[in-house]
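Letters are used for the chains, namely A, B, C and D, taken in the order the chains are written, and counting of residues starts over at 1 for each.
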């Protein structure tokens, strides 16, 4: 376990889970995607999130992934694992497995089948916290969980020493900005943004970093954008932000359904030779026509990314 | 295993899961709620549904519940078990446990974290069906799963011999009526309604029965309403329907959140001495003020139910 | 003005507004669609509703339609006019025009731009009622207005002598059933159902009638279905209900957007030679391919309707 | 008419409509709020928007407001008027009244009763554009209109010379960022942000300005924030952004309903002696307790604003 920085800052990609079959990890693929991300300079890794298809995996496979990735990373960067589940008991089981394997923190969305009210959600957290052996990040993801962490619960969370931050994937910068103002008082609380299209503005105005899906593909691009925003280099931020918008436009719009984002990332990684693009149900890898469009997209964006990063180096 | 009637008809209560702690069944309570339902003449039991808090339970406890309830019921009525899960592998595991224990069918909603498109949902079903050792009921529950079974998928399901019916909890009678017209052609397909407020009309116009939450409390009331609707006894249907509307109005409006329905049912069963009212997270049993309101509600509705049923007997 | 029956019962079609241009009535078409509906035995007419494209028309044209239709109907059946508007003052203006022309009642949805809370909605009604020269029907239409009439407001409305009923187009029969139980106490209050797919069950269980869009095309079909449900003739209800489901399936699924329903009705009326199919913006009449599909649909459903009605006559 | 800058940039407050009664302007109040905004250095005024309660006003009053405000402003800044209406004909009528009075541009949301599809919306715009005597801004406001301007329609709009920009009030910065990238190619197109909480980031990354409701109260605060963001002065942006977040937190959270924002602005203006706080139906002015909370809020934020602006001057 690496010491968890307080607050956690920077680019923490939501790592894809390379699979070779429905209940089988693509272990060499996992090694390569981790190596690729670390080579790009990322500040941590978040596994078993939405991009990692966490809720779609068997509990057995989730535990295997926890163990293998902890060994592979071996303390070089902080490792966070999603423990979101509709069952309290299973979330605790996952958290214990993460602690035993040497993880640094766990990440939790509201349980996402039953639509709990906010007072119920807070009581759920009160009951869960004493069972967790690791620090906790909240994960606000109302498009998928139906239930958000409303600001009153976030304010309550500031008084819980074991809750050390939040990843906000609501897509609402009004919410993010309000949460930033509300959480500023607690030193060491980390506020991270989910959608990579919002990384630039989140960091420019005081957010701590981003959990960018495309940092699986182009880790250094997001690391550089984060760094430019951190030091207030606006021209550089604008240039890199435009490249990241281009990446999202090209890689995320190939499929017809909301799965297009995850499928696009995994297919791109497969095109780059990093891992298999097998998807956990209920998703399925792109067919040949979509794969060719992703290949074409990569041909378009790779030079943009290279030019932008080269300019940084120069 | 009792032979599964083709089509399955009548009242199949979504059984509550009596708990004495977060990961511990209230076994005597389970015996009593099953005995109570069977004494009321129900035509089957559906366990591990929404009212049964299925997704909130650990997988270990779900398997224990499957085994115990199969032994307790011992073939007297058909037993259906929910296997809905965000993980394909875990759904298959549950289906196998159900088959081994002697269940009659399994029940499945769309995976409810990832928002799959309809073609993805259909392909998911295509992959799942060969893995299932038991007949399958679809469970349409878009308010909780976000994703419905649209009618095109239902029409496709009619050609799958292993899919033998659907429970519709969408709340939309336009959908239910369209599904009834679309599925009429397949003999033996069972179309069941979820919300008990809609049981009367669903059966009057050709539906096969209902999965009524309050049949946990007053099983005979719903059995009688079903029978009256089946034989086209309109005056009796109207009288009993009004009583069931009263039950829902009194028992389901005590809490502030959507959980009010499940909490109300479990609290009422506890007031009647049938089982513990411990709730799985993220819900929690009613406090004293709410419990007193449920007790008062029972005092109001019990005589109405008794009078209505007495009139039937008379 | 015909005396308004208390409660209003039966089939009150939401009349289309025949147009020959963006701000010009198709007057002969209007005469024919009114004559067609009356010949089918309808119990009233509702103009300037959703099917009548009321909010899409200029205020000048709405007033012209009010005057012409009052003259044409000349007291043979009750005439109701939609006065829903985002502006209180314009709603009052429309209500006065309706009263002057001899209308029987006005119909009002919640203002549909600003999302008012329920207490604000109730205060709005308190202010509006004294300004209205005619009895008022509430029109519950949350899919389009965003804001529903929640049951607390409906209960309050029961104490307002000038509010004489409600048309519910929410699509939720749980709501409709709850509203029916809640409003039963007020003699003379009329509860009408919007979606024609729900007419049978609404009337079987105690509703007063329906505002069926396809009663523009086949008025007698819905009049017969209403009558059968009123007298509790279940076999006849089931037979006619299946025909009405068929009509909706064939006529309403030609277009790609929610406008498919209104476009389908108006196109069918045009194919039958009853009126022009010019649509008010933001809608536009079907193109030739869609029109041919509507013609084919009519060829399918007309014999079904004729057979069903002939059986009634025989 | 002042020449409309191409592109329009800066702070264009969505002016409240001061009322002394349901259909009567508070004319001295109107003079004062306009004078107050101009004294704060705003770059234009947008009347008859959401904050201006446009859709809630009678058409007569809308025309009176157009005429009076054109005379009062007398070309000192560009004047934009909302012409959004569910009726095409009424929108054209308003646009003509605006042109005759000397306005600079009109602003239009999708018609908001009928839920048109995107191809229908585009055809509607094609038909509307030739009828408009003034340049057009699109107004993307899906929370209230249900229908957004999707990016395909925005791309089409770039080829229409009469469409000169868009105000985006969707609240989604992913949408705004995508729109900015998509519209960058058309020189002179103005992309403005609605929610004031997003002004800083919108302008930092290339947006042209904001239509900030609280610029009615503190015009100079938003003008300074815009200027700081324009010139890339990040420390100043962060300081002023925090003040604007504080204003929103204090002034917008007093009421219980979505109306809290508009009521808060109008009540604050009334507390400052600028205009009456009479609200158009279906809203109603705050009662005494809420008014006292707004007064207290002003006492909190006025010194923050003054300090922040003083620092700028110093």
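Criterion: a contact is a pair of C-beta atoms (placed from the backbone, for glycine too) under 8 Å apart; a residue touches a chain by one contact, two chains touch by 3 or more.
This one's a predicted model, so the numbers in the text were calculated from it and none came from an experiment.
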item: Chains in simultaneous contact with subunit A and subunit B; value: none
item: Contact-graph distance - origin subunit B, target subunit D; value: 2
item: Intercentroid distance (Cα basis), subunit D paired with subunit A, Å; value: 36
item: Whole-Å gap separating subunit A and subunit C, where each centre is the average of the chain's CA atoms; value: 50
item: Touching two or more other chains - residues of subunit A; value: none
item: Residue numbers on subunit A that touch subunit D, as the complex places them; value: 171-174, 177-178, 181, 195, 197-198, 200-201, 204-206, 232, 234-235, 237-238, 241-242, 245-246, 249
item: Subunit B - residues contacting subunit A, complex; value: 22-23, 50, 53, 55-61, 86-90, 93, 110-117, 119-121, 123-124, 127-128, 143-146, 256-259, 280-284
